[in-house]
């Protein structure tokens, strides 16, 4: 059962230089991503790439949650990542507002006639696809050569999903990407949709992939006291 | 003669956990692919990538047929894959219908003035190109570094073919991609075109590539009783 | 001096099974490429990939000429490639005409107000860029990891050049791509432009790259009697 | 402190054949890039690839400046690169003007209502993203497999940034790309923006990445007398 793999981590971990460096990498990756975010697929390929060797290149609180559910990151480090990701998104939106002389990035919203429950289903299925892709190409120890093009596949599944879901509810798959514009424009209508959907989809993908395709026996256990 | 290489497989094989896992991987890859399927090339790159290390990343009954003709997969495993692929496509169309509040994915159809025989020729040539690409970049033991970008090339040949054939007959090259929308919208006009064309094209590519470019002597024979 | 490197090859070479297989690979790659040729960049990435390990993935008489000038292919094998490339392009155009029920691929032509000398300059500079890219990412022994993405870079330089030169004179950079439509539509106006420009550009790139960046001493000499 | 890493280099270095070859590679890469420059992202992927193994594939004075600030290139070599890059851009614009029969590439300019200070902020943030990406995927010794797709990520961050900043101030991130059209059209209004912004952004990215993510101890010191 993957949920038993969730590791809290040691109290000192969150102030460990390596963990702080990784969180900073998430902050910068997210900033670059959201600033250039009108081209999600391309920008995400870059953001995942530049963070890959330092923080794992999550650049998405839902991906961090998926890694947490599968036991590939501790809770303390996950919280650091979440804070860094949200700050990075807000910083990018503020920079965009300043550079454009006041234009605001529009917050994510549901199109007319789309109910919040439909939007949640969209976010669940699309984020399932995204986190399943992260597991198959970046986390799975059997990934082999696929790891080389992992940032490309991760960017492309987001790009492909946006072409489907974008017209209905924005197709976020990423709470931080929704959070920045919501803060700067202070628009919180249906904002919960962009947290609930991605987190459910990410957890489902983590549980399915970790249980069935990685398996118990060949899973590299995270020591509960690891200086990870 | 490649056809003599077709292996049926052992009766127990189809219920072997590894075979079932591979079929599940085909199901999920197909679901992700068809759900995000308005961007075929990008979504297929992802779908091939996420399945590559578990099932071979066919995500297409015609590719599975091509692998069968060349003796790279047993018939029993092929049937499992076909079932999983068709179910994955139907599941994606149902999810799309639910998430969009009732919109149906349009079934593939021939444009006005395009006869079914012309459409079959299109599907044959395009699927020949696709399966030839699969052989050259993913199956051929001489593939080398090309294997790293195989999912990208496989996605791009489909994308390029759609730009040519899409306006005439939809450019499926993939019976499962045509099957899901046909079931959900219950539209079966000319549906046989999207099975006959791809299967002929796939078989031709498998026979040509396997006979001429892989060859008899350096072909890794599939033991007829292999626990493949 | 690179021109001294041009090797004629042994008389028996052109009928050697390996050379014929390579020529067939060029034929099929070219057929797939031109059939899907409305998306040049994407289709070329595929065509180069599927031929890379068998024939070198030239899929372009100008690239074959560039390889000949640098001594990386013998003249006899080059002639085989040229024949296969031209036949592949004609076959693709005929298949397209049949599948579409009679539509012809338009021959390359100069836009109004573009003189043939301007078009030749365009073809020279663009093909120089293409063949320089082939040398840097696929032929240079120092290429290293870049070889993995060579088909992508080769496809993209063609795609980028088409965006510049396409509106002026079609941006062929490839005599075979121009030859197929010219045969099927029997339109030969300015056809020489699409041979002269690419061959000059290819020769320039081969001489510059081979002399300056590969160099004399670390150049793997092609034995004049090699069973290449 | 990274600034202390700036190395001047030996007087003889700038006339060393290897340094001149590298500068020529920068010239040709820039020429190919700017000639095909209407498709920045694709053309830059190619330009970085073809220069990667010879000069490092900077193709951008700001990237060269970023490498200089981090101590990865000497000042003398940097000056050679800058000259080659500027000449390559001018040569490409002259070739374009000749090939098109007199059309000039438009110089970069600010859109109406965009102040020069806003444009500088845009250039700083976008070039920060670009040079950070260069460091993470191409310079960092920990880059691993990411180095294989480095030219792709570097091209995509430029492409993504252009989608954001292009409408406001052209989104250059590259003084040489702005310099060529400025010379040929002799338009120098706000030209300083495209030097100041990119150089500040590049220096910031170099200092952040080099100090925090590469670090002092595992930094390969450039010997001050190296025949680099």
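The first chain written gets the first letter, and so on, giving A, B, C and D; residue counts start at 1 in each chain.
The criterion applied here is as follows: a contact is a pair of C-beta atoms (placed from the backbone, for glycine too) under 8 Å apart; a residue touches a chain by one contact, two chains touch by 3 or more.
Listed by chain with UniProt protein names: A, B, C, D = Tonoplast intrinsic protein.
Quick caveat: nothing in here was measured; it's all calculated off a predicted structure.
Any chain touching subunit A (Tonoplast intrinsic protein) that also touches subunit D (Tonoplast intrinsic protein) would appear here, but none does. In this structure subunit C (Tonoplast intrinsic protein) contacts its sequence twin subunit D (Tonoplast intrinsic protein) using mostly different residue numbers, the overlap staying below half.
Set against the Cα centre of subunit A (Tonoplast intrinsic protein), the chain with the most distant centre is C. Measuring from the averaged C-alpha position of subunit B (Tonoplast intrinsic protein) to that of subunit D (Tonoplast intrinsic protein) gives a distance of 43 Å. Each chain gets one centre point, the mean of its Cα atoms, and the points for subunit B (Tonoplast intrinsic protein) and subunit C (Tonoplast intrinsic protein) are 30 Å apart.
The multi-chain contact residues of subunit C (Tonoplast intrinsic protein), meaning those touching 2 or more other chains, are 148-149, 152.
Two chains count as a pair here when they touch; such pairs are A-B, A-D, B-C, C-D. Partner subunit D (Tonoplast intrinsic protein) is touched in their complex by these residues of subunit A (Tonoplast intrinsic protein): 21, 24-25, 28, 32, 35-39, 42-43, 45-46, 49-54, 95-96, 98-101, 147-149, 151-152. Residue ranges of subunit B (Tonoplast intrinsic protein) in contact with subunit C (Tonoplast intrinsic protein), taken from their complex: 41, 113-115, 118, 121-122, 125-126, 128-129, 132-133, 136-137, 140, 142-146, 148-149, 152-153, 156-157, 159-161, 163-165, 168, 208, 212-213.
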